[in-house]
Each structure stands twice: as structure tokens, then as C-alpha cells.
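Consider the two complexes below, in which subunit A is the common component and subunit B and subunit C are the respective partners.
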Partner chain A sequence: MRDHAPAILFLLPFVTAISLPMVGLKRREWCRPMALVAVSAMGPVALANLMVVLNHGEIRYAFSGWAAPIGIEWVADGLASVVMVVVSFLALLALIHAGPTSPQTLGQRIVPYYTLILLLISALTGIVFAGDLFNVFVFLEVAALSGYALVGVAGGKALVSAFRYLILGTLGASLYLLGVGYFYAATGTLNMADLALRVPALVTSKAIVGGLIFMFLGLAIKMALMPLHGWLPDAYTHAPEAVSPLLASLVTKVALIAWVRIMFGVVGPDTEIEHVPVLILLEELGAIAAVVGALLALTQHELKRMFAYGGISHIGLILVGVGLGNPTGFAGGLFYLINDAVMQAALFFLAGAVVYQYGARTIDELGCLRGQAPWMTGALIVMAMSMVGFPPTGGFFGKWYIILGAIEAHHYFAVAAVILSTILTLAYFVKLFERIFRDRPVSSVMSPVEAPLSLKVSVGAVSATIILLGVWSDPIVGFLLKTAVPTGW
Partner chain B sequence: MIHAHDSLIVLMLGRILIPLVQLYGLYVLFFGQYGPGGGFVGGVIFGTSMILSVLIFGHGASYSTMARTVRHGDGVGLLIFAGVGGLCLIGGGEFLNYAALEIPGLDVASRRYLGIVLAQIGVAVDVGVTAISIVFSLSFDHEDGDSHA
Partner chain C sequence: MLELIEAWLHRPNFIAFVILFLWGFYIMVTHHNFVKKLIGMYIVQTSVIFFLVAISAKTGATVPILLSGTVPVHAETYANPLPHVLTLTAIVVQVATLGVSLALVAAIYRKYGSLDEDEILKRLE
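On to the complex of A and B.
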């Protein structure tokens, strides 16, 4: 049974998702407990999977027993297993958080609501493990379709954002599929390991170059890389408070993981197109996104929108890290990806809790936290420290390794971009804290509600994780250096 | 709401055609073992027969009972499919590796045979249910849809 963890990880949320509509027909109140049980079972399985991968090397899971280029294969390597632990942990917290913060108007639709959340989680598992390009597309679409519906579930303004997300997301998926088609036409295979043997010889072919560009554009829309981020801020701002943490922390990051796998596992890091090294291009795009995203975050007035732009800026930072072309930067970028998933979840949990307790959506209304919520403000300070990059939080070590990698590669432009985005991040958090701590009259929006335990647990657990990631940064980065870095470096 | 068609010819032809279409759907499903066809096509044809009954006899008619009932079974087909896969996991093989299908007293060849048939039935049920639920969700107005959901 040892090697079956990837399939079990996928089946746990998936089977629960498809049995919910039938259970919900008679027992609507069972949906949430069933979803919680399924997702909390994922955590131990993901950990067991990580242990197996640590001790016995990567698992190549051939579905139906048909070996790779013919059959469909899932690959649980070091990177995928670590990311899977993060995904199952954050998904559980997001579900716990979703209890009180879900829209109150759902009624009957609570059944499809939990079904969609579970489908989203199982699709993310699929993207993380998928060993062939077409499978990545299928699961990207499953995740995106659940995402569109979840963004629009509350109705009102969210419907417009969901529709915009749908149009752009579908465009992204189509571009990605077009790219996969080009690759298939040029090589006759879709399996990543098999492609890795054939693509390097064909890298000058127009089909491969075109396919690579299309796949990058498609995934760049999915990961909301700077000029293609149009759908993200609206979708995350108007999505229900219960849904935005799940989307913000996992969906864009998992699309980035898919791109890392294609870039480093299929085409190879040293690829040049017409004398333009692809990695350098990625790094420059990332640097621009890191700075401009942070700059846009500074100009926002809504809490969730500000955090959404912060996430866009961090996607840029991760790309800078993985684009540096040396192991330090690569491992730093991936470590930052894990941190960013946790930080985004934390920020949106907090934003959700503030909306639930005080009804505060804009930064000006944040003054209501003053003197009222010391624990919540404390959690926000921990998150801000990590977002800006103060030790001993995880964010500091992520940026530290990225900067070390940039200096090692003599890319001083990247160093400057990381530092500039750090300063801008500091600026928008100063703007936040100025509203909370400076003594100014507060227009109370609504009388505060006592936070239920589930909100306290979710906000507390992610804040603790941010610190723990900092404390354990050394073993995690060491593990990533050992298992995730592409061979040949 | 869709009401019964008022032409006698259409009603009569519907009564004759629908069982034939269903039979043909089953034929395609099981013939898929050896030739063109299989779960997806069979499921579509079977779903079409139910759509036809709704279009001809209306939502409320006794002819449409099957269509009204099965659309609550979203996911039954997937459960069959995942269940076959799960039995293979329990038997020690990979997901959907029919050779390891955990049914006692069968040799490997008949396990593979049975596994394929069961998985195809799962696919057919799911596709059929999906087809009919698309029709129902398009033709109901909202309050009605919610009270039936």
C-alpha cells in the first residue's frame, strides 16, 4: 500500500465530493462534517507520502498498471510531496475557516458549495502530482471551473468578477492546451519524462518554441503574472470570505508549480530561444511583477484587494528565485512559494475574520481593531513581518536565499527588484498599521461579534506556521536543495 | 416547464422510439467491449432517450419518472468508477489495474473483463445523468429549480 499515497490523496476529497450531492439530498447538515473528515484525513496521508519519498525516493504511480509513455503517470517527487503537505494543511484550515464565514444566503446550495470546494482541492492534488502535460490541463480546468463557481456563489458584484475570471481563465486554459498540442505534434508524446528526452534535440523547432510560449502564456494567466493578472484582484475581493483564502493561497501557486515542472523537468533550464535565455526572461518578468504588484498594493483602499496585489507581487518574487539559474535561488524561490501559500492564507483568513467580527472591509475602517482585538492585531503583525521579510519568520529566509542566489549569479537587477518590492511591502503595511494604531475617531461599522473558535484556530495556526517555517527554514531548504533542484546543476 | 406535445403522431412515435433508443444505448455500451462504442457513447444515447421523453411527454408525465429520478444521482456513476478503482487498490494493484480487482474466484482475464464492463457502466451512468441534468437545469425556472434541487 506504501506507494499508493498519491492516488489515495486524490481520492479522499474526490470521492467525498461526488457522494455529497446524494447525502445532501436528505441530510444537508452532514456536508460540512464529511468535508472536514475527508480533508483532515489528507494531512496524515500527505505526511506518510512525504516520509516514503524521503526514505525510498520518488514514487512513479502508473494508473491502471500501464507503464509510463503509454499509460498515465503521476510523479510524487520531493517537490510535489512537500507542496502536497502544504496543500492539505492549508485546505483543512480553509475548511475550518469556512464554517462561520461562508455566505449566509446559501440555503440549499450549501451542498454544491462544499462539493465544489472538495473538487477544487482534489484538482489541486492532481496538478501537483500529474506527470503528463495533458493531465495538468485537465486538473487546471477542474480547479478553475470550481473556482469560477465558488467566486460567484454569493451573487451580486461577485458575479461580474466571476464572469471576468471565467473569460480570462478559459483563455489561459485554451492557450495552454494549444501549447500542449504543439508539443504533441512535434514529439508524439505527452508524458513529461518522455518529453524531457525528446525536446532538447528539437528545441530550435518552431513548434516547440511556439508551444512553449503558448503554455507559458496560459499558465501565466493562471498564476496571475503581472501584466496578465487582471482577473485576480476583483475575483479575490468579491469572493466569499470563506473561499478567497483557498483560492489565494493555493490556485496561483499550484499553477506556478506546474510551470516549474515544465520549465525544469521538460524543456530544461538552459534553453535559449533565438539567443534569449528563457530563464533570464522569466526572472526579468518576475522582477517587474514583484515591484509593480507591490506598488499597486500600496494604492489600494480595500483590505482584501491590497492583499491580492501583495500576492501578485510575491508570484514575481518566486519567479525571480526560480529564474536565477542556480540551486540557491531555485530552492529559495520554492521555499518562498511555500511561505507565500501560508502567508496568503493567513492574510485572507484575517481579512475574513475582520469582516465577520467588525464588518470592516476597507483600510479606513480597520481602526476598529484598536484596543479591541489584541490577538488579531498580533497575528497581523506576525503576517506583516513575514510579508516584509523580518527574521525569524519564513518570509525573511525565502527572500534571503533568493537574494543570495541573485548575488551568486551576479544579477544585481534582481537584487534591486527584491529589495525595492520589500520596501514597498513595508510601505503598505505601515499604511495599514497607521490606521490601526494612530488615534483617530473610528466610524464603527457594526457592533463587534465574538469570534467563534474556528476563526481563532485558523488565524492562530497559520500565524504559528509562519514562525515555524522560519525556524525550520534550514532543513526545508536543505531538503529542497537535495530533491527538487534539477539534475545537472 | 416543458408540457406534453399536442401532436398525436409525436406522442405515438415517442412511445415506440424511446425504448428502442434505450435498447440501442445498452447495445452500444456492451458492444464497446469488442468494437466501437463504450460507456461514453452508450451513456449519451441513454441520456438522449430520457431527454426525448421529457421533450415529448413533459416534465410531469409518468413517462418522465425515470428522468426525474436519475438526475438526483449526480455522482453515482463516478462512485461506481471510483469504486472499481478502489477495489483494485484494495487488491494490491494500482488504481484501476483490473488485474488486481478484488473479487474472489475469478481468473485474471475475467477480472479484467469485469473491471472494464463495470467501469464503462459507471461512465455511462454518469454521462447519462449529466445529459439529463443539463436539460432540467435549462428548462426549469429558478424557484422551481431550487425547490426540486
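On to the complex of A and C.
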């Protein structure tokens, strides 16, 4: 029974998702409670799964009893289990937050809306656990399709952003599938563990090199790595306030997890293409994304767009961490990934709450927070401290381990990039706080309303989590060092 | 160089794949009409599916169904079913993507009365 946790985690949101349209025919108001129950049940199961993995080692779940490589296999290793806890926790908070901030014009469409959210969550579970390259593709597409529909659900400007997201996302998926085809043609298998045995001998073949490049390009579009990020800012800015946190915190990060699994689990971290180590390329792409993303965030006026560019810069930081090629940097990068998921959720929860209460979308309108919303401002200060990287928060420890790893590897370019992106992050938060504390307070666009409990809970819980991640950084990084680091280091 | 071209000519299906992929990509990038972009996207997806079929083609093979359990199995006489299953799944994904994208395009047309990217971007400002 205890080994079935991965399948249960997937089936909880999935079965609810497909039963919602039937229930919703008669009882539209049941949708939200049903979704909440299903997703809140995921939390304990994810924790139980983590405990099992901690005590008994990784779970390899073979569907219908067909063992890999013939059957489809899911792998719940240390990394997947930790990320799953984060996914189920943030998904629950995002659903709580979605109550008041969902678009008011949905009407009958509230049923497919919750179905799509649950499908997105179940697809994320699938990507995290999948032990098979093709499975990753299918779940990436399920997540992406629900993502496109959710971005466009409110209509208006969001439709065009959703269309652009769809075009680029589908191009990414096609490139990824092409890479999978190359790998299959070269090795005759799709199972990651099986591939890991066969790929190292073939790593000089053009098919493997080409496949790796195509898969990277595809996943780079999905994770919005710097030059391929074009779809992200528009999509996250115009998406409904209830949807952006879910997309921003989880979708890009989970695509990055898929890449980490392919790079470190299948191909091996020491791979070189024509004497160029692949990891160095990753690290430098990440460094560029970290600096340029933060620089672009500095130039934005819309709150959500600024946070979206902040997320792009953090994807770069995570890649710097995992690309350093030593355990410290790798564990630091993954710890930063967990932090970044929480921070992005926090920032977009806050942006959603500000829109809901004050109707403020640009940073010039943020002056209305002053004196009126001390708790929200306090939460924003905690988030900013973590984004910039001040000690008691999780963001500091993530960057700390990344920098330690970079010094250990003597990659001072990476150290400089992390520090530069930190300074730029500080700059755009200073710009934000200047509007709140120093400028003349502006009257809010609409008369402020009392914040509903669900907004307070979601914003408060993520802010507390940011601090807790900092307090518990040592055991979490220790756990990642013990279980997630690829063998051979 | 001549050898390379000769090697290409021995694999016309892969040349067809490359042409289709680049053609679709070119349409996606250069056309301003949303439906034409979708057509380009569809060609790209189809070309990848064509590639999956092309790598698994096998002459003289039969369907992978065992007629009796006693006769020894010669794996080389059967077609590999896995790429076909992958192709089917990829087609399902493609159809779903096309459905969502057409719904989006229809919603855009109802809202802006146009499918031209430049015109819509002008109206967005």
C-alpha cells in the first residue's frame, strides 16, 4: 500500500477533474469544495510518500505490473518527493486564493475552470514522477494545454497572450518530442533508467547530441530560459489573478525539474560535446538569464510583469546552481528551486490580493497600500527579503549555497552573475518600496474592501513558509545532498 | 561533400521531414494571420510525427500479433509497435492542441473582429 503513493497523488486531482463536469451539471457550487478536498488530500499523501522515501529509499512504481523498460514506470526519488510536497502545498494555497480572485464573469464556465486547474495539478504530478521521456512529453502537454486555456479564460487581452503562449509552447513541445525521437532511434528505449545505461556509450553519436539539443531547446521554452522567455511576461500579466500564482510558481519550475532529470539522470553531468562540457553552457546561459531577467524586471511598471521577469531571472539562478558541477551547487540550485516556487507563489498571491482589494495593477498605484494594509506590506517585506536574499529567509540560503558551490568550482563568473542579479533585484524592490513609503500616497482606484480570510491565509502561509524554509535550510539541503545528487560525485 | 549529399539522397524521408519542419516554422514566424500561424504550427507537429514514423519503418515486417504461443518468435519479422503507439499519442496531443488553439482564435475574432496580429496589437494599446 505504501508504495502506491505516487499513483494516488496523481489520481486524486485527476479523478476529481474528470468527475467535476458531471457533478457540475446539477450542482455548480460543489466544484470549489470538491477541488479543495481533493487537493488538500494530496498534502498528507505527499508527506507520507516523502517519509516512505526517506526511510526505505526510492519507489519505482510500475503501472499495471509491467516492469520497466517494457511498462511505464514512475520514479519517486528524493528530489521528486520533496518537489511533490511543495507542489501539493502550493496548489492547495493557490486554490484557496482562487476563491475570491477568480474572474467574476465565469458563470457556468466555473465548472471547466476548476476542471482545468485540477488537470494542471495532476499533470504537474505526472511530470515530477515520470520515469519515461515520452510520459514527460504527454504530461508537459496536458499541463501546457490547461495552462493555455486558464490564461485565456477571462477573455480580453489575455486571449492574445494565451495564443502566443500556445504557439511558442507547442513549438517547444514539438522540439522536445523530436529530441525524444532521436533518443529512441539511437537507443531503442524511452525509460530513463534504461537510457542511463545505454546513452554514455553513445554520447559522441550525432543522434544523441542532436536529441539532447532539441530536448533542451524544447524544455528551455517551457521553463522560459532567457532568450526563449517571450511568452511568459504577457501570459502571466494578463492571466486571471487566481491563475498566475499556480502557473508562475509551478509550471516553469517543473519543466526545469524534467530537464534536471534528463541531464543528470540520463545523460550524465560530465557529458562533453566536442570537448565543450554541457554543464558549463547551462551555467553560462543561466548566468545571462539571471542578470538580464533582473535588469528587465527593473524597467517594468506593472506589478505582475515585474514579478514575472523576477521569476525569469530566478530560473537563471537555479540553472547556475545545478550547472556548477559540484554537489554543493547542485543542492543549492535545487533548494533555490523550492524557494523560488514558494516566492513566486507569494508574489503573485500578493499581486492578486492588491488587485482584489485596491484595484492597483501598476507600481505607481501601490502607494495606496501605505498605512492601509500593514499586514500586506509586512508580507511584501518578507517576500522582498527572500527575493533579494537577506539572512533569515530561504532565498538567502539558496544563493549562499550556489555561491559556495561556484567558489568551490572556481567559477568566479558565476559568483559575479549571482551577486549582480542580487543587486538588480534589490534595485527593483527598492523602486517598489519607494512607491509605498516615500511617494505621496495616492487614493486607491476603487474603494478598498475588507480582505477575505482566504486571501489572508494564502498570503500569510506563503510568507511564513519563506521564513521556515530559511530556518530549516540546513536539513533540507542536507537531504538533497544525500538523495538528489547524481551518483559518482 | 559529395558523400554527404549522397548520404542524404539515400534518406529521402528525412529530407522530407526537414523540409516540412522548416516550412512550418517559416510560416509560424513570418505570417501575421493567426490562422496561418496555426497552419504552420500544425505542419511542424505533423513533421515531427512523420519523423517518428520514418525512423520506425521496416520493410517486409508484419503486424506484431503472435498467432500461436508454440512457434518460436522471430522478432525481426515483426514491426515494432512502440513507435506507432507514440505516434498515436502524439496525434492525440496534436488534435487537442489544435482544438484549444482554434477555440482561442475564435474567441479573439469575436472580441476584436480581426485575425491580423498587427491590427489586434494596435487595438490592444
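Convention: the second predicted complex is superposed on the first by the 486 of 489 C-alpha atoms of A that agree within 3 Å, B and C clash if a C-alpha of one lies under 4 Å from a C-alpha of the other, contacts with A are read in each partner's own complex, and residues count from 1 in each chain.
To be clear about the criterion, a residue touches a chain if its C-beta (ideal position, glycine included) is under 8 Å from a C-beta of that chain, and two chains touch if they have at least 3 such contacts.
A quick note: this is a predicted structure, and the numbers were derived from the prediction, not measured.
J.: Overlaying on subunit A: subunit B and subunit C, fit or clash?
T.: With subunit A aligned, subunit B clears subunit C, so fit.
J.: One more residue to check, A:F14. First (subunit B), second (subunit C), both or neither?
T.: first
J.: In the overlaid three-chain picture, which partner chain does A:L166 touch, first (subunit B) or second (subunit C), both, or neither?
T.: So A:L166 only meets subunit C here.
J.: Given the touch rule stated above, what does A:L25 touch, subunit B (first), subunit C (second), both, or neither?
T.: first
J.: In the superposed arrangement, does A:V471 touch subunit B (first), subunit C (second), both or neither?
T.: So A:V471 meets neither subunit B nor subunit C here.
J.: For A:G65, using the defined touch cut-off, is the partner it touches subunit B, subunit C, both, or neither? Pick first, second, both or neither.
T.: Touch status of A:G65: first partner only.
J.: For A:S174 in the superposed arrangement: first (subunit B), second (subunit C), both or neither?
T.: second
J.: Minimum Cα separation, subunit B versus subunit C, post-superposition (Å)?
T.: The answer is 7 Å, the least C-alpha separation in the overlay.
J.: What residues of subunit A sit close enough to touch subunit B in their complex?
T.: Per the touch definition, subunit A meets subunit B at residues 1, 4, 7-8, 11, 14-15, 17-22, 25, 61-65, 107-109.
J.: Would you mind writing out the residues of subunit A in touch with subunit C in their complex?
T.: By the definition above, subunit A touches subunit C via 134, 137-138, 141, 145, 148-149, 152, 155-157, 159-160, 162-163, 166-167, 170-171, 173-174, 177-178, 181, 184-185, 190.
J.: Write out the stretch or stretches of subunit C touching subunit A in their complex.
T.: 21, 25, 28, 34, 37-38, 41, 44-45, 48, 51-52, 55, 82-83, 86, 89-90, 93, 96-97, 100-101, 103-105, 107-108, 111, 120-121, 124
J.: Report the residues of subunit B in contact with subunit A in the complex, numbered from low to high.
T.: So the residues of subunit B touching subunit A come out as 72-76, 78-79, 82, 85-86, 89, 92-100, 146, 149.
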